[in-house]
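A, B, C, D, E and F are the chain letters, set down in written order, and residue numbers restart from 1 in every chain.
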């Protein structure tokens, strides 16, 4: 399964991952995650209120927004705030981040509060949505830690760590963690979100070129499973929870 | 794998499917697809132009829009035209329909034309997005048949038939083709789009309750594969291409 | 006043009208009205609340929205939800439907509830706004019947039946109930809404070609009066209130 | 038909009308029309281009927009520019003004130009839409006069003068030219647009309270016909075309 | 410092200013201010409520909106209500008017009320934003006078009179109160808002051509100071507070 | 003029400034500017086209957009892309940045190209608009350097360096370069943009509390002048143009 990837990476090898906590000073959690040349700033903001549909139910909420700086990409994209609307792609991604992180935490365990995650791409080189999920997990953890430290909650409301990665078929070979060149040219692109226990939260696979068969599906899921296990280790190490 | 489903349906059994062609008179293709109580009107409209990014490239385009009538649902939803924007869910679905149907046809084989698919839900009872894809395939086929009949193209630009179905885990059991009650209460919901040859176009699975393991994933994909094979037979029978 | 109309129709003759109740299953009232090839789905939804300006006043409200499916028309129209706004024409029509139906019912006789009418055109062949009014009357009646049956109100809050029809001058001759071809080519187009007692609710006449004189106005009102009387009979027959 | 109206006006009497031409200096036509306390500034702007659907067809276009200053009314209305959309009422009115004035002029007689009418209400006291039409006729005439004077056209493109007035049933009596108090309290309100020859361009009647009968309709049309004849005289006198 | 200006005006001379109170009848304050050919209608509307962020704080609020009639300008501008958004320029101006007038009044001295100022340009010939501020001061004063007369407040909540003027460098010479021709061709344009005591509320200077030096800045501020002193005298004379 | 400022800063002392070039990899110019805790990412993107109003005129254009990440601020702000519009403040700032930078370059000296500046605030602590201008100058310089290096232009199109700083009166004392605490509590806030030669491009001063007198104005301009001279030195040093 060996082939020429940028930086001589193996097919089942993640790009270098760097997780920098407290990257900005105002947010309760603020993480810069870098996966190769992809850089996403993930902030977690706590608010002492919930959306109307949850008022008085004694539980919290978690939601996410996603954006790309206009020149995070190879050629400049229009600024969504100036256009007056978020694209379908943006909404799809922020809904995915929200669902994935809601699966990570126990919404009934942190009171009538909302955790708002903002994932803003400073530089894009493929895999921005999966990097967002992996980084937001750490930012959310940090935000809940401030609640715990202040005595507002008595235990961390984590159900399990969650991380995400992309896999795909590029020039006929299944690869882990596609960069922009691989992503643009691949036949199949799949984003996988899993728990630390290797269970699935989300699977979103699309055949952009040829439809793919069951055997390929199986190989891609194998790659994702190993990659996510490694990402969870990196999250926990960044938080000082693992060696 | 037997359990109590509405209408005494087996776990691996589709709801009754009815495909009515030429349901309305203006569109080049017009199909009412009914899957149990879910009813979607799928129209296919041909236009002799392509979007700007394809002008002069000698190929065609295919795109889709999706909508729900305000009272297609149990309680009335706001009308998106009145609110002035399509929800994230709507955009996600219409992007999915578009990608799935673009995989079904050869965009280079019908000239500089656009096939516009409109999938409008008249009555919803679960599975509206998958019914939309399955019905739109037939409507698109009818529209291209008019092009063929008129001599504008010399062969049908079909690469393969495409159909879609939902699968999910409801009360611990993997089920095919969830209705609204099953869909609302399920732990895992997966929409699968496949070709007539059993290859994957799209897989979108979400753990809405518990994260699911690899064995469950495998069972769900098995259910989907058989269901889609049956749906393709029904599409082809409706078009008079199969007995 | 005889001339060649499609289907050999006389100048003072309505197109065939079919009124199908309970066309969809979720709405309190759901009517498909067909006037020739024009088909409109009219649903009536009851909600236990009123707009802010009526809160606490002990009366109800009734409002309407109107839409056309993108390919209900000869060539495809843009989807208003995708464009992000309703056209002036759409707003004009839904305001007309709302005013007309508010005249039919006693808003003080069904409590602090809102009846929301949705008129969605599945197929258009002229006269969609008048068909919407005639069909919405039946859907609203059905919805209030469910309130009566449940004991929530003690009498039907109907003031009088209301129906609507278009009349116009086409090739110099006054005609009842214009189809699309007649409507597009006519000099004068008038939409009339009347009660079962032959009194006017709305008259909206426009000279699209030549301005018209008082004598023509009188003939058009005569035609409308007879047509509406017939439509009210058909409404009441569909509801089992007349033979 | 005598009754107590503000200022001792008779039932068939117009309010005082003042038409001031060249009210502002930039527009090709600029008219302040005052009907009692209602004051509307009507400007006519000529542009040397037509909308895309008319390009190259050798004809002109005429269109209208309508607005109310926020405090033209008794209590302040929200500014439509700040809300980001024009109300249904505004759109309905500007469509009416446009249709009415297009009937007054020969669109094929002034080249590929657009006449843009802007009717802005400075002070409202009932009848703003009909005052807009009556004033816009004069502003449009002035604008075309500049074209004629410059030699760009060789004859005035007027088909016939057009004016408008409201009529209604207030406390049981048919009245001409309702002011705000009468308009708010009336059972029936009708706006009528006619040519100088007494032919109808538009009739828009609404029963806001009781439905009205044919005899009332006839009386209202009589009142409107006489009122409009008087308004056309005032328009022509303001333009120096009549004594 | 003499040069050829339209109307033979001196460099340090204001255009003719006319302030007409009670220009329209509904608003609590209604002022037409004319500075040369620039005409702005300023209305002041009192409402017995404050924005949410001030509720229960026992103080009032003052805010402003600004608009231009589409043909107030040399060539027609698009109507902002039709475009669905206010331009950046419009928002900048209405924020400036609001800030300037909030400095003129004591927000804690008129209860939980909002004074809404609307400045609508009927005819533009340069200096519309400064004319708006100068006129709005008088309209606001009139509105508060009605409150005082009704006994709702016991003293006028005025801190100091505020007026505004533009200054600029045109063809190398510093000028007071630029008209449109001067404004369009000037190198530097500065809007100054001051109190009756000659203290600054706002200074907004822009080098549209050459950057300007400190000496020029000083001359422009001198011109503005004298012009504003004269404008305050005119405001007070219009209100009968000065001879 | 000594007083207690955060970090023991003198009244006429800038915060620490760090300018990092090539902060992201895709943009032709990419600068992170840090002024104390304020951090703004300024990217400059070159496009080979100009806006419609400049087509064929042989000159270029330069424009700017500004945004704040939702949690760049002390408490989270709504995301403008999600709200669907940019605030008045945002538009005001990006118009200011655009005007300031257009003054720095000769638009006729780089062909029919557009330089698009994007200033995105990663962390806010006062002075984000002036930091944006100062940083954008460097990013624009870098972008034009790439044009020069490629031979597309033969000389740098710089007219003069431009930088910006805020000054204000805080607790009675004039201060240079306000941080957030000072900015929020100050009586007067002024943003000044100047050239390297000490000439004014923009002055925008606002009395947020007490109106200020001419002597204060003079002191503030003195402070700004010295601060901007220092900022220009830092810009040129960062670009290797000065020691």
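We take it that contacts are C-beta pairs under 8 Å (C-beta built on N, C-alpha and C of every residue); 3 or more make two chains touch, one makes a residue touch a chain.
In this text the structure is predicted, and so the values were computed from the model without any measurement.
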item	value
Path length in the contact graph (subunit A to subunit E, fewest steps)	2
Partner chains that subunit B and subunit E have in common	none
Remotest chain, subunit F as reference, centres from CA atoms	C
Same-site or different-site touching of subunit C by its copy subunit D, using the half cut	same
Between subunit D and subunit F, centroid-to-centroid distance (C-alpha), Å	51
Geometric centre distance via CA averages, subunit C-subunit B, whole Å	33
Cα-centroid distance, subunit E relative to subunit F, in whole angstrom	29
Residues of subunit F whose C-beta touches two or more other chains	84-85
Chain order around the ring, beginning at subunit C and proceeding next to subunit D	C, D, E, F, A, B
Subunit E contact footprint on subunit D (complex, rising order)	24-27, 30, 37, 39, 41, 43, 45, 47, 65, 67, 69-76, 79-82, 84-86, 90, 116, 118, 120, 122-124
Residue numbers on subunit F that touch subunit E, as the complex places them	85, 88-89, 91-92, 94-95, 99, 103, 160, 190, 194-195, 197-207, 210-214, 217, 221, 225
